[in-house]
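Multiple structures follow.
Both complexes shown next keep chain A, but they swap its partner, so chain B is in the first and chain C is in the second.
Let's look at the complex of A and B:
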């Protein structure tokens, strides 16, 4: 069923372009730009599973990314594991953590759940900042020699880039697969009215815990790859609350609940942010813009860019998920 | 023959309020059992106790030979006990058809998406909503939303359907239409247990009636028996002899 879906081919084309653009002409600075775009798309897409599909606002989504980074970096750099294996273990580990956590905190609804997710972010950050094996507040570093296994540092940067693009494509395909499945229908029912969904037969407790856990997997893998590429991790960059908030802005901007919207919002917002961050006059001004943008979107286009497109061209609703 | 559902001694207390107190009754196969009572009598609470939305303090619910007391609502539906809500709960952002597909997907047969879609279309035909299947559920009129509630519950392919005031707020034509639907449901072999305030309708539809007042079962019997029961008349109108007394006074 998914194989016949047009959006699948849009995703694949997007991934191919992302690979081809920096490779063509060996453009390293473009690659560094695009890897941030890919990370934004990964975070927004997976956050979308919670906010857009299930209707649970997760302010602490970045915990998964940061924890994945720590586990991945610890295994790959300190324990000398293969990077791909270390990233996968990071994904599985963080997913299991989310599953256990989810069965507890997903009993809360609405604002209370949102508050709990902030609490988790703070708690995890403080724990890691005091956790000896992970270097407390100084964090972990990758020794330069570790990259030799991937054919030297220069080569390693390309390898991690391709892996991150792969994770990005998988994130979008996962979103699409869930959206057109019975599981996704159950999630949408929970989003619209959880009590009604349960009376209609949806096992909301289990569904919510599963999607919370699933939404943790690929961000954790991406975190492992990204922090390994950067060569270091510490509690303040791994669990940056601002990035968690920006994830929500990306999602609202593109259109929550849609596969394309999440990716579009993630990509566009990241481009805008890097422009504002690097422009000397506007440095650190991006958060003001982010806040303003969120306000405008929520007030005037709650469906985001994709919602706006749906209204403009109603037929697009049937094609663009 | 054993009844389809057997509720015995069910009790629920909310703080100091005894919402439902030691209520027992049965629903037979292919029976329409009506549940009436003044406002606040505990009718909807009784429904919530039966399908597991809230847990009883005491008492048991047996359904199709199984003890379902305190089972969560989603498990109760899988066994074949579906319900509608007094205050309609459409899944607003989804289309009418999608709403019913949810019912079919997660109901007794736990259908996959494709067969669920087919069942949903059939059910929508049955309640005369098929021409509005693409509309957003939130755009339906109140009568449409009530029918959607019934359609969603029916799509679960239940053995017993709990209908919570499906006639409330409808005009006479719509009531007539809904009565036809309920009769059709029973004729297709499904038992119905319904709360209703529209007296003429419930009197003509029900095989038997249970009357609830202040959480207690006041009376049970055929509509005729219940209508003549002095206790029932008192619960609804106050003193049953009030008319005679008033006449004497004049």
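Let's look at the complex of A and C:
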């Protein structure tokens, strides 16, 4: 079924290009740029499952990424586990956490849920900052020797890069898979009119909890890989509220509810941000520009870039999901 | 034992200021069903407004509240026009994101001007000493000012034509329009009052503690907690809930590290949201 959708091949081609670009000529600085793009695409795509598909705004999506990072780093660095296994455990653990949490807070509708997600972010952050095994506010470090298992630090950077690109491709394929499934249809029904969906037999409580939990899995895996690669984690970088919010900007910019839009917005916004942050004149204003961009998109182009493309070339709707 | 007592009195006084901030959030939320995410940024602007005014005119800082309230009203009209007016009939997601976008812009500009280093307003009123404890004059004056502003709002909402129009629009916008109330004007006014309340609470906080441009965020969080405790669209209930939150903070600070307080507050927030979605003091029907 999924094989009939052209977007699948676009996703695969995109992943191959992302792998090939830095490998060709062993371009390390390009690789470091692209890994940030990949993380942005992962966060935006998974956030899309909540905001775009289900219509629930999650301001605290970064909790999954940060918690995944903590669990992954703790297992891989402190307990000396295999990195891939540690990342998967981080993903499963954070998903279960999200499932339990979701069954509670997803009884809240709309804006109340959005507010609760801010509360969760702050609560988790202050819990981790006081949690002894995770080093309280100083966080955790990876000792240099730990990278030996992956063939030394230089090699380890490449390995984590490929793994992150893999997670990125999986995020997009997951978005596509859910979009064309009956489950996805149920989510769209909840987004359009939750009461009507319930009357028509969509078990909204379960659907919402499942999608909340699913949207936690890959960001947690990515967090584990990324913080392992960076060699350190602490509560302020793991649960950076700004990054959580920028995820929303990315999604709105590209076009919420579409697979390609989420990825496009993530990639473009990340490039824009790194340009703004490195430019001496504009670095102070990167928030202003991001905010202005979000405002313009919300007020004038709620469909984002993809929505604009759909209107310009109506046939593109059939190809780009 | 009297240590807790003193800490609770302090908490109670600060709680009145939390309540004032939450009244602004609650008014906007209740009247137009918009969750104003510029709230925290406006609180921070109120702090810096006080700082600027006090540097220029070193008079009694609490007199400077009057120009801050006026400037808050104007700022509120501006923010309403930029971010809310165009999306008022769209799903709630739109206003949530558009006010958030304005919040990012205000914080960005503020960071460029003042960086994120701490500032303070160097103004002290004489305090009252009871036994071994001194209650600072600033705390009492700030709480007093908060209560006066809250009472003024209550009188405005319940005793004036314009206030009644705001409540009518909050209850049923279509019906109010049929009765000849211009809902655009009422919405803009309610939003301006909400922003003005946030700014004045920020100004009051700035006389108590040092602050940065990012300080508004934690007061925004407290306002959310207070608003859900009080239930929506109940401005005076927000003041009471604010005092309760302040008392709670005052009662726990002698026993646990300050870094745990966010966890307790937001644990409470989520539990109240889930168990009492209409607020502890909320009406049975929305």
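Assume the second predicted complex is superposed on the first by the 320 of 321 C-alpha atoms of A that agree within 3 Å, B and C clash if a C-alpha of one lies under 4 Å from a C-alpha of the other, contacts with A are read in each partner's own complex, and residues count from 1 in each chain.
Note that a contact is a pair of C-beta atoms (placed from the backbone, for glycine too) under 8 Å apart; a residue touches a chain by one contact, two chains touch by 3 or more.
Nothing here was measured: the structure is a model prediction, and the numbers come from that model.
J.: Once both complexes are superposed via chain A, do chain B and chain C end up clashing or fitting?
T.: fit
J.: Report the partner of chain A that touches more of its residues: chain B or chain C.
T.: C
J.: Is A:181 in contact with chain B, with chain C, with both, or with neither (first, second, both, neither)?
T.: first
J.: Quick one: classify A:287 as touching chain B (first), chain C (second), both or neither.
T.: So A:287 only meets chain C here.
J.: Quick check for you: in the superposed arrangement, does A:110 touch first (chain B), second (chain C), both or neither?
T.: Once the two structures are laid over each other on A, A:110 reaches chain C alone.
J.: Is A:39 touching the first partner chain B, the second partner chain C, both, or neither of them?
T.: neither
J.: Look at A:189 in the shared chain and tell me whether it touches chain B only, chain C only, both, or neither; answer first, second, both or neither.
T.: first
J.: Tell me the contact category for A:197 with respect to chain B and chain C: first, second, both or neither.
T.: After superposition on chain A, A:197 lies in contact with chain B alone.
J.: Answer with first, second, both or neither: which of chain B and chain C does A:218 touch in the superposed model?
T.: Neither chain B nor chain C is touched by A:218.
J.: After superposing the two complexes, find the smallest distance in angstrom between C-alpha atoms of chain B and C-alpha atoms of chain C.
T.: Between chain B and chain C, the shortest C-alpha distance works out to 8 Å.
J.: Overlap of the chain B and chain C footprints on chain A, residue-wise?
T.: Shared contact residues on chain A: none.
J.: Enumerate the contact residues on chain A facing chain C in the complex.
T.: It comes out as residues 51, 55, 57, 104-105, 107-108, 110-112, 114-116, 118-120, 122-123, 125-127, 129-130, 137, 241, 245, 248, 252, 284-295, 298-299, 302.
J.: In their complex, what parts of chain C are in touch with chain A?
T.: The touching residues are 35, 82-83, 86-87, 90-94, 96-98, 100-105, 107-109, 111-112, 217, 221, 224-225, 228, 257, 259-263, 266-267, 269-270, 273-274, 277.
J.: How about chain A: which of its residues touch chain B in the complex?
T.: 181-182, 185-186, 188-189, 191-193, 195-204
J.: Would you pull the chain B residues touching chain A in the complex into a rising list?
T.: Touching chain A from chain B are residues 51, 53, 72-74, 77-78, 83, 85, 89-94, 98, 101-103, 105-107, 110, 112-113, 116, 152, 156.
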